[in-house]
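Here chain A shows up in two complexes: once beside chain B, once beside chain C.
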Partner chain A sequence: MQTPAPLADYVRATSVADAIAQLEKYGEDARLVAGGHSLIPMMRLRLARPEALIDINDLDELKSIKVEGNEIVVGAMVRHREVLDSPLLFEHYPIFRECEKVIADPVVRNRGSVGGSYCQADPSEDLSALGSALRGSVVIQNSTGTRTVPMREFHFGPYMTQVGDGEILTEVRFPIRPGAGSAYEKVERRVGDWAVASVGTFVVVKNGVVEDCGIGLAAVGAEHFCVPAAEEFLIGKAPTEENLEQAAAMAAEGCNPSSDQRGPADYKKHLAKELTLRALRRSVQSSQGA
Partner chain B sequence: MRFVVPSNQAKEPDMQVTMTINGESVTKECEPRTLLVHFIRDIVGLRGTHWGCDTSNCGTCVLWVDGEPVKSCTILAAMADGREVRTVEGLEQNGQLDPIQEGFRECHGLQCGFCTPGMMMTGRWILDNNPNPSEEEIREGISGQLCRCTGYHNIVKSIQWAAEHPAENEVKA
Partner chain C sequence: MTAVEEAPLSPAGNPIGFGNMKRVEDQRFIRGEGNYVDDVNLPGMLHSAILRSPYAHARIKSIDTSAAEALPGVVAVITGKTLEGIPRPSLLGDNFAWMPTLSYDTQAVLATDKVRFQGQEVAFVIANDRYIAKDAVELIDVDYEQLEPVMDAKKAMEPDAPVIRDDKGQTDNSITDVHGHKTWESGNAIGTAEAIAQAEADPNCVVVTQEIMYPRVHPAPMETCGSVSYLDKVTGQLTMYTTSQAPHAHRTVYAMVAGLPEHKIRIISPDVGGGFGNKVGVYPGYVLSVIGTIVTGKPVKWMEDRGENLMSTSFARDYHMTGTIAATKEGKILAVDVDVLADHGAFNGVAQPTNYPAGFFHIFSGSYDYPHAHCKVTPVYTNKAPGGVAYACSFRITEAVYLIERLVDCLAAELNMDPAELRLKNLLRPEQFPYTSPTGWEYDSGEYEKTMRVAMEIAGYDELRKEQEEKRARGEYMGIGFSFFTEGVGAGPRKDMDILGLGMADGIELRVHPTGKAVLRLSVQSQGQAHETTYAQIVAHELGINPEDIEVVHGDTDQTPFGLGTYGSRSTPVSGAAAAVVSRKVKERARQVAAAALECSPDDLEWELGRWYVKGDKERGKTITEIALLSHGSLELPEGVEGHLDATAVYNPPNLTYPYGCYICVVDVDPGTGQVKVRRFIAVDDCGTRINPMVVEGQVHGGLADGIGMALMEVIAFDEDGNNLGGSFMDYLLPTSMECPTYELGETVTPSPHHPIGAKGVGESATVGSPPAVVNAVMDALAPFGVRHADMPLTPANVWRAIQGNPIRVDMAVE
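Take a look at the complex of A and B:
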């Protein structure tokens, strides 16, 4: 039986400011809990042993999906299911729906949150591949103010992010790119599992040329979930099968997967190339300028 | 097997939790670390909710919190404080089985019965959101839950049966 280690305290935050005040009060041994679907399993395995939990489920200010200027803003407490069902996100980037559909299962998606997924920072996190592909950013707040961190600078490594003690990730922002096509590809051993490999891409085609693109990869050891060289290769070129293949090969080349129970490293590298190619093809097809 | 705190870790319960369970307000003491599945089974005493894999995979512990199915091994009882919980015992209303329960009986939707409470709670929720789901939608809906007896075939049929036989004045938690 797995039960979390004893917790000294559990409190409900009433606002973002209150959550930060509680974090400061309890210090480095406190953790925020949102959906809890990463943290509580970690606590049961004693991989996480917080002294106090600060529950942010009541923070309605973190629960909206909206457009602000030329960005889509997703609150940290938005659940996976809401991302999956959001017409706004789908309208701009079909990748959101494709990606969410393969994250965990419907019951887990009812609880798991966007902010929680990013802060857990699992190297196989699908939303991290998506965020890196779209070159999103996160907003982190502490008692002195807020700062915006590009998604591609957010992770220090597996399970390590820029969110420090006394800080809360409040929202994730994605730039709007008119005419962008996007897609997500994942290979998993069974429904709801972490990826063996997964790749998300967006492409903007204008006048027969790739004007902009993004490639995000999870579970294959890509630093910051991306391989910029592959994107740079494709930008400015025609989206021919040959060029897409070359970009996919470069993306795979930039990965450093490890062999584990989900498969050997060379297989994961093969997947990184093949899934990048498939996602790029579909992104090009759905780009409105194509 | 009951949830027992090893004696060397035993300590007094130190928080009070109040939640509405199947329409009734319940107040009990527990530790902050107590998982909701253990709270419901061992402190409240409702054993219909099963405790399975302990790893958020099998889904036999699914119950509803504020109208949505949740794997109760992956949420603390404290997190359900002040919320509305509905368990498999709350499917039956005024002595009448819910159509989902009738469906499992009619279509032989269980063999060993271990996954059944979670399957029924998710099945009820699927139908509340989509009264006429396709087979694919049902299979997707229960994809976070494991059954080692039926191959899922009769579970899908049971949920379809319930869709075809809605109760009059269906009560929703």
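Take a look at the complex of A and C:
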């Protein structure tokens, strides 16, 4: 059995304000625990050694999926399972269901949270690719107020985000785009493994040209999980196979994957292109304006 | 000999003999009421943790344990130096710092001079609980001088390679076996070389050579290894609860290591959560729990975590093979030659019979009829964990089957011949049995073509080929792969086979109570094989006692007779035979008693299931239950017949049993991503008489999952710095139900002529037989790209790279 290092304190937060107060009290060695499916294994392997755990599982204010204006708002404590099952998310973006289907396994999805996934900021996090593709944003709260950060500015690097000490990510926002088609593609060595590479895309086709599109890539060393040049190339052009291929090639060009046991860099680069192309094709097909 | 007729049912609805019967063991397992080593908690018990080396090769300059010792709750910290100070009154060295391996090498219990693999045991902490023990491990300060590690087996014998075993005075990394040899050969070297040379010169023949690696994998049982040891200072009795597949063999090893007599050692293997060979060896952790109780006077529990299990306990395979196969252009195989580089890690801890330094690898000539075969195996030391025979491999028959089945497919590709047709042309024919192979094995029985035809029938082989053709025309890639394997299991005949001098026969005891209920005491140890169920069925089959009235006792050396344990599919071939033999002794005794009771000659009696009766007068007879009571009663017994029916037996098998089978795998490959989907898997096994078909099928299901795992995802690779890249379940991938199709099983039954009930071992058949079927299927799918071979595991990256003509070297870090 893997045994974690000593933990000085464990508290259950009663509100977001209380969670922030507790974070301030314990300082930089405190960690929030939501689903615990990254943090607890890391603690058991002694890769993480927080002094105190602040449990936010009771914070019902963070558990809803709703529409506000022209945005969909997903609370930080929404579980992967709820994203997978949400008719609202599926109606606007099928990519949510496609992406969640290939995240870990049912046991992890039942507990793991959206906020936890974003804050863990694993370079192969599927939701990061999705969020970057849809150009979502996150809301971060501290004792002085809240601020909204675009997803494409949220990460400083692997496992590093804009969420600082004494702060909590409360919700994730996704703009609604009528007529958007979307799709998610992932290659993994086995169900439940981290992605070798994954790509999520949306495309809005209007009057035979791509009016808007987004491409998000995980596990392939794309800065902020995106390659804007590929999107810019495609916008305003007809969604022909040739143009999609060119965009996919540009997306791969913008990636900087590293070799590991999941695969060599040349293969991952190839996948970035192949999966982008496949996701774009399906996004175009399902765009209502197509 | 066979037992195909249906057995009558007992009052509980179980077959009184062979047939499907639910596993008795599952009653407790499915309720979470199993009792594993980690469930054992003795009064006053202490816990422990091991400090392991972060480096693959380093000199230990100093170890400072003072901070760890000062941590509240720590009872003792033991290092290699401590062990060097404990004198050992045995022939195996004068202190406890080193211990013998199962291959007559030595292994450090705790490193003294150097660490030789990442994860090697360096210090042992005993504390009040396991958390404190682990905290204390972090406080031990070891000053290492890093040395260059030897991670590439192919470079281990280069002249400038660092020497790993300088403790033995070695000047290179060669391994000398107990017979004094640095290489081991089998078969006819000259005949094989000549046959291959002739084929090379003959325009009507072809010769194909292929490098084939079976990379390092790990059995990864669900339960990791551990033990609870307690030395009672009053009685001098050492009791050890331990995860062992071979309690009696372990007891003898501990007796030799500790210099204690066996009767002062009691080994108890309670429920064991999977073994697959991982729990055959004796690990430093086990020995340290014994030393811990000697030092503290209290029970000491050692239980490794998952990473420790994967990084330090017995791995499997790691065979670098170069095979050459010669054949006529019509597809008649003429000869096979193979050269093997065997990576044994830092200590030669391979578990195998003494006379077989490469295990049973030389059964590689396989299921085919050809006269010339030869192999040469060269073992080397590297800076990796020791082990080498594990993961349900039947003493390296896994490697042998993989080699020949891949070679046959390479030959089929070269000849542009259907691999099924090529196999059918070369399979041994029924009239050739018993068949002596070119490397000296005597296959007991087989009707190979029949089994292969059954598999092809289930698969719908011709239809599959048509489908493949149509798909290829559309740019879709499906593959069909065959494997026809022959195993030799049930080690083994005493004259040939021993481990550390212990002959591989197994004892058994059958006690029949006055009420006719019975207790059977086994030397072998279930790790999931359902012995409590199937052994009761063997006795039921022989004596007619209801299986629910037969208690099967195993896993406690104080309660069971000596024997070598469960691995290499040996339980049914050896101990299962013993169960039949001891039952027949009881039956014969019962005959004497019945004759006395019926006032007739024993010769006048005939047997029907559960009853002796007078020939020609079926009404006059005695059931086994009646006879049991009579044997304990006041009936006057004939001279020379003792009371009671109890009997013992020791079974020394005359030969191995040779189960075989034909497996067919169907895969779909996405060439754009390299992903492989196993769509179908057909497995037709012939293991002779099936005691409990449901249990056989369960074993086959598990083994097929193993095979899919090894073929597609499992591997323990190392980087050049010596880091183990498979040290957790994040990195060492095991297949899930999502990667495994619904298996399609079939059977043929060709009994073993020399086994009392005609049964053959089957526990490892599917693990041995399935990997080549999966790999052959993927290679078949990739044939249009000109791909002939890529090493396992066929991850998406590896498949894609194979298509690019540049498959991955799987035993090293991916670059």
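As a working rule, the second predicted complex is superposed on the first by the 290 of 290 C-alpha atoms of A that agree within 3 Å, B and C clash if a C-alpha of one lies under 4 Å from a C-alpha of the other, contacts with A are read in each partner's own complex, and residues count from 1 in each chain.
Criterion: contacts are C-beta pairs under 8 Å (C-beta built on N, C-alpha and C of every residue); 3 or more make two chains touch, one makes a residue touch a chain.
If you're wondering where the values come from, they're calculated on a predicted model, not measured in any experiment.
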| item | value |
| --- | --- |
| Which superposed partner A:H37 touches (first chain B, second chain C, both, neither) | first |
| First, second, both or neither for A:A5, with chain B first and chain C second | both |
| First, second, both or neither for A:N57, with chain B first and chain C second | first |
| Chain B versus chain C as contact partner of A:V196, first or second or both or neither | second |
| Contacts of A:L271 with chain B and chain C, given as first, second, both or neither | second |
| Partner chain(s) touched by A:V108 [first = chain B, second = chain C, both, neither] | first |
| Partner chain(s) touched by A:L89 [first = chain B, second = chain C, both, neither] | neither |
| Touched partner set for A:V187, first chain B, second chain C, both or neither | second |
| Chain B versus chain C as contact partner of A:D260, first or second or both or neither | second |
| Intersection of chain A interface sets (partners chain B, chain C) | 1-6, 105, 191-192 |
| Of all residues in chain A, those that touch chain B in their complex | 1-10, 12, 33, 36-37, 40-41, 43-44, 53, 55, 57, 104-108, 110-111, 191-192 |
| Touching residues on chain C, where the partner in the complex is chain A | 38, 49, 130-131, 134-135, 138, 303, 305-307, 672-675, 712-713, 717, 725-726, 728, 730-731, 733, 735-736, 738-739, 795-797, 800-801, 808, 813-815 |
| Chain B to chain A touching residues, read off their complex | 1, 3, 5, 9, 11, 15, 31-35, 38, 54-57, 59, 62, 68-71, 74-76, 78-79, 81, 122, 140-141, 143-145 |
| Partner chain C, residues of chain A touching it in the complex | 1-6, 45-46, 105, 187, 189-194, 196, 259-264, 267, 270-271, 274-275, 278 |
